[in-house]
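Structures follow.
In what comes next, chain A is part of two complexes: it sits with chain B in the first one and with chain C in the second one.
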Partner chain A sequence: MNDHLSLKSLNVAIGSAKILQDVNLTIFQNKVLAVIGPSGCGKTTLLRTINRLIEEESQARVSGEILFRGKSTQQIPLTKLRKDIGLVFQQPLPFPMSIYDNLAYALKYHGVKGKDSLTEIIEANLKLCGLYEEVKDHLFMSALKLSGGQQQRLCIARSLCVEPEVLLMDEPCSSLDIHNTKLIEDLILKLSAHYTIVIVTHNLQQARRIADYTAFFLDGRLIELNTTTEFFTSPRAEASKQYLEGLFG
Partner chain B sequence: MKASNVTLRCWTILSTVLSLGLLVFILGFVYIKAQGVVTLNFILAKPAGFPVGSAGGIWPAIAGSLLVTLIAALSAGILAFFTAVYMVFYCRSPRFSLLLNLIIQCIAGIPSIVLGLFGYAFLVIKLELGLSLLASGLTLAIMIFPFIQIRLQKLFQETSQQLLDAAASLGVSQAYTIFNLLLPLYRKQILSIVALASGFAMGAAAPVMLTGCMMNAPVPKSITSPFMSLPYHLYVLIGQGISLENAYGTAFILMSLVLGLNLLAALPTILRMRGKP
Partner chain C sequence: MNQILEKLVSFLSRLFTALSAILLFLVIIFIARESLQIFREVNFFDFISGISWNPLAREPKAGILPMILGTVYVSIVAILISLPIGIGCALELAALENERLKSFCTSVLGVLAGIPSVIYGFIGLLVVVKFLEKNFLLAAGESILSGGIVLAVMVLPYIVSSAAETMEKSYKQYKEPSLALGVSKSYMLRALILPNAKGAILTAMILAFSRAMGETMAVMMVIGNSPILPQLLGKGETIPALIALEIGTAGLGSLHYHALFSAGFVLMMLLIFLNALLYLIKKNLTENLH
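== the complex of A and B ==
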C-alpha cells in the first residue's frame, strides 16, 4: 500500500495553546481515513495543517514534517500544494456568484482556457457529485440560492474541478439532513477509487460506513490508527474503547 | 413609560426632524433664489459680461468641476484601494498597521487650505505641473484619499475568513482572490464609496483655488490646462459682488451635482431595500 501523506512528529500550537502534539500518521493512497475524537482534540487543525492553511493564522507555529508523495509540503509551492490537497469545509461556502462561475473560478487560475473546456470539466464534476441533473438548467443562477445539501455538493465539485489527489473534508455532513448526508457518503465512497480522502467526523456510524481506516485523537494526540473494522470491533487503546462506549466525548 | 424615556424619545425625534428640515430648508432656499437664473443657456454658455460672470453661463465651471473630480476620484480611488488591500490582507504587523492608520487619520485632519498650499508648493512649483487640472485633481485626491481608504478598509475587514480560506484551499493566489472574488463582490460598495468621496471633492474650493482654478478659463483641453470650478466660481461671484443671482444659480447646479453623486452612492442600498440584486 502506498503512503500518500506521512505526518512525522507534527506539533501545532496557536499562541500558547498546544493543539497537536507529536502526531505520527500515515495516510494511504486511494483510501478513506476517518479522523474522530471529542471536540477540541485538534481534528480541524490537523486538516488545516496538512494543506498549510494553518499558516494564514498569525499566531500558529508548526514543527515536525509532513511528506506528500515523499516530499516535504514546505518544499511544495503553496498554490500547487493546495491544488493537490483540496479542503471541503464544515459549512458549505459557495462563492457569491453563479454555479458555473463557482466551478470555473479556480479552473481559470490553473490555466484552463476556452468555454468548451471549462464547460466540459464543470459538467463532468457536477455529474460526479450528482448535482448536474438538479442544476443543469440553472447553471448561471446564483449558487447562494441552492439548498444546503446542494451547496455542499457544489463545494465538493468545486474542489474536484482542480483535480486534487487528496481531499480533506471537515465534517462535511454536520449541517445536512439524512438525505443529503447519504448523498455525500455515497459520493465519498465513489470518489475513494480515485482520491485519497481524509474526513473529520463526529458521527461514529458515518466513520464506520465509509472509512477504510480510522484515527482517534484525544487532547491533540493520536491515540490509535487502525483499520475501521478493527477499531470498532476491537480497539487497541483503552481511551478508544471508552470513547466508543460513550464514556466521554 | 418613564419620564426619561419620553424625553429621550422626543429629543431623538426632534433631532431627526431638525436634520431633515435643515436639508429641505437649504435646498428650498437655494432653489427659490435660483429660479429664473437656471436655464439651459445658463448651463451651457460661457461666462460673459463685465466683470466676467455677471452674465452668460457656467459651462466651463461645470466641465472643470466634473473633470477635476474625475481625476481626484481615480487617483485617490486606486491608491486607497491598494492601501486598504495591503492593510487588510498583507500587513502582518499590528504595530505597522496601527502606524499606517494613524498616518491616514492625520491626513484626514489636514485643513483643505493647507492641502491647497501644499499642492501649490509641491505639485505646481516643485514638480512643475503648473496651475493645472492635474495639480488640482491630485490635491483633491490627497483630500479624499483617507475618506475612501478608511471605508474600504472597513469593508474588506468584514470579509468572512471562511470565504478566504475556501478560496485559498483551491490553490489560487491571494491576489487572484482579491481581484476575482472580492472586487466583483464589493464592486457596488466600492463605487458607492468613491461616488460619495467625489461629491466631497466636487464641493471643495480651497484645494483647487491655489493649484489650477481660474476666475475665467475655457473648458480645459488637457490635464495641464487651468480650468474653472463651480465652488471657486461661486466664491468669486459672491466675494467680489459680481452677481448674487448667478451665484445662487451656480450654487443650485453645484448642489444638484453633489446630490446626484450622493444618490448614486446610495443606489446599492436603495436597490437592496427594494429586493433587486
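== the complex of A and C ==
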C-alpha cells in the first residue's frame, strides 16, 4: 500500500495554544481516512495544516514535516499543493456567481482554455457529484439560489474540477439533511477509487459506513490509527474505548 | 411612566424623520419658486440650450448650456482619473492583511476627505495649473483638465471607502475557499472580488460624480470661469462656480438673480436624477444576485 501523505512529528500552535502535538500519521493512497474526536481536538487544524491554509493565520506556528508523495509540502509551490490537495469546508460557500462560473473559476486559473473544454470538465464533475440532472437547465443561475445540500455538492464538484489527488473534507455533512448526507456518502465511496480522502466527522456511524481507516484524536494528539473495522470492534487504546462508549464526547 | 417615555421617543423620532423629508421638499419648492420667474422672460428650452450668458446686457441673454456642459465635463474628467486609481486602492486595502497598516491607510483617507476645498484649490493653482502651463505650453493653465485633476483627488477618498467596504467583506468571506482551490490572491481579486463589487463600484462612482458636480470652491479656483463652451485644455465654468461668483452682485429680483437660481435648480434636478438612477440600477443588481 502506498503512503500518499505522511505527517512526521507535526506540531501546530496558534498563539500560545498548542493545537496539535507530535502527530505522526500515514495516509494511504485511494483510501478513505476518517478523523474523529471530540470538539476542539485539532481535527480541522489538521486538515488546514496539510494544505498549508493554516499559514494564512499570522499567529500560527508549524513544526515537523508533511511529505506528499515523498516530498516535503514546504518545497511544493502553494498553488500547486492546494490544487493537488483539495479542501471541502464544513459550510458550503459557493462564490456569488453562476453555477457554471463557480466551477470555471479555478479551471481558468489553472490554464483550461476554450468554452468547449471548460463545459466538458464542468458537466463531467457535476454529473460525478450527482448535481447535473438537478441543474442542467439553469447552469447560469446564481449558485446562491441552490439549496444547502446542492451547494455542498457544488463545492465538492468545484474542488474536484481542478483534479486533485487528495480530497480533505471538514465535516461536509454537518449542516445537511439525511437525504443529502446519503448522497455525499455515496459520492465519497465512489470517489475513493481514484482519490485519497480524509474526512473529519463528528458522526461515528458515518465514519463506520464510509472509512477504510479511522484516526482518533484527543487534545491534539493522535491516540489511535486503525482500520475502521478494528477500531470499532476492538479498539487498542483505552481512550478510544471510552469515546466509543460515549463516556465523553 | 415607561409607556409615556416610549410614546414620546417614537413620536419624536417620527417627527424628525418627517422633518428631514419636509426639508428636502421645502428646499426644492423654494428654489423652484425663485427660479421659475425667469421663464416669463426666457423660454425654458432657450435657457438650458442657449450658449451665451450675458444677463446684464441691454438685451439680456441667459443661456447656461456652457455651464451645464462644463459641470458635467469636469466631473467626467474627474471620475475617469479617480475611478481606476480608487478601485485599485480599494482592492489593495481590502486584501491588506496587516491590520495596523490598514487602519493607517484608512485614517489617511479620512484626513484627505477632511481637507477644506479651498486648500485643494490652492494646491491646484500651485501644482496642477503651473504644471499644465509649463508642459502643455498653454497661455493659461486654468482649464477643464486642471479642474478635473483637482476634483479627482478630492473624490478619491469617497470612491475608495465606499468600494473597499464591500470588497473587504467578500475578501474575508471567500479567501479560504478560493485559496483552497490553488488560485493566487491576485487572481481572486481580479476574477472574484472585483466583479462581485460591481454594485459598490457603481454606487461609489455616482456618489463621487454627485460630489464633483456640486463642488464649488476648488473648481472655481482652477478652471478659469469663462462662460464659453468647454474644451479639455481651455477655460470653462461650472454651475456652482457661476452662482458663487455672481450672486453677490445680482440685484435682488432682477433677471440675473432669477437666472442664477434657475441654474441652481437645474443642477439640483440633475443630481436628483442621478441619485434616482443609482437607486434603480442598484435595485436591479441586487435582484439579479439573489
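Note that in this section the second predicted complex is superposed on the first by the 249 of 249 C-alpha atoms of A that agree within 3 Å, B and C clash if a C-alpha of one lies under 4 Å from a C-alpha of the other, contacts with A are read in each partner's own complex, and residues count from 1 in each chain.
Simple rule for what comes next: contacts are C-beta pairs under 8 Å (C-beta built on N, C-alpha and C of every residue); 3 or more make two chains touch, one makes a residue touch a chain.
All values reported here derive from a predicted model rather than from experimental measurement.
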| item | value |
| --- | --- |
| Combined model on chain A where chain B meets chain C, clash or fit | clash |
| First (chain B), second (chain C), both or neither touched by A:Leu144 | second |
| Which of chain B and chain C A:Ser9 touches, first, second, both or neither | neither |
| First, second, both or neither for A:Phe89, with chain B first and chain C second | both |
| Which of chain B and chain C A:Thr227 touches, first, second, both or neither | neither |
| Doubly contacted chain A residues - partners chain C and chain B | 51, 53, 56, 58, 79-84, 86-87, 89, 93, 95-97, 105-106, 108-110, 155, 158-159, 162 |
| Touch list for chain B against partner chain A, complex | 92, 162-173, 176, 180-181, 184-185 |
| Chain B partner contacts - residues on chain A that touch it in the complex | 51, 53, 56, 58, 79-84, 86-87, 89, 91, 93, 95-97, 105-106, 108-110, 155, 158-159, 162 |
| Residues of chain A that touch chain C when the two form their complex | 51, 53, 56, 58, 78-84, 86-87, 89, 93, 95-97, 105-106, 108-110, 142, 144-145, 155, 158-159, 162 |
| Parts of chain C lying in touch with chain A, wherever the complex brings them together | 97, 170, 173-184, 187, 191-192, 195-196, 288-290 |
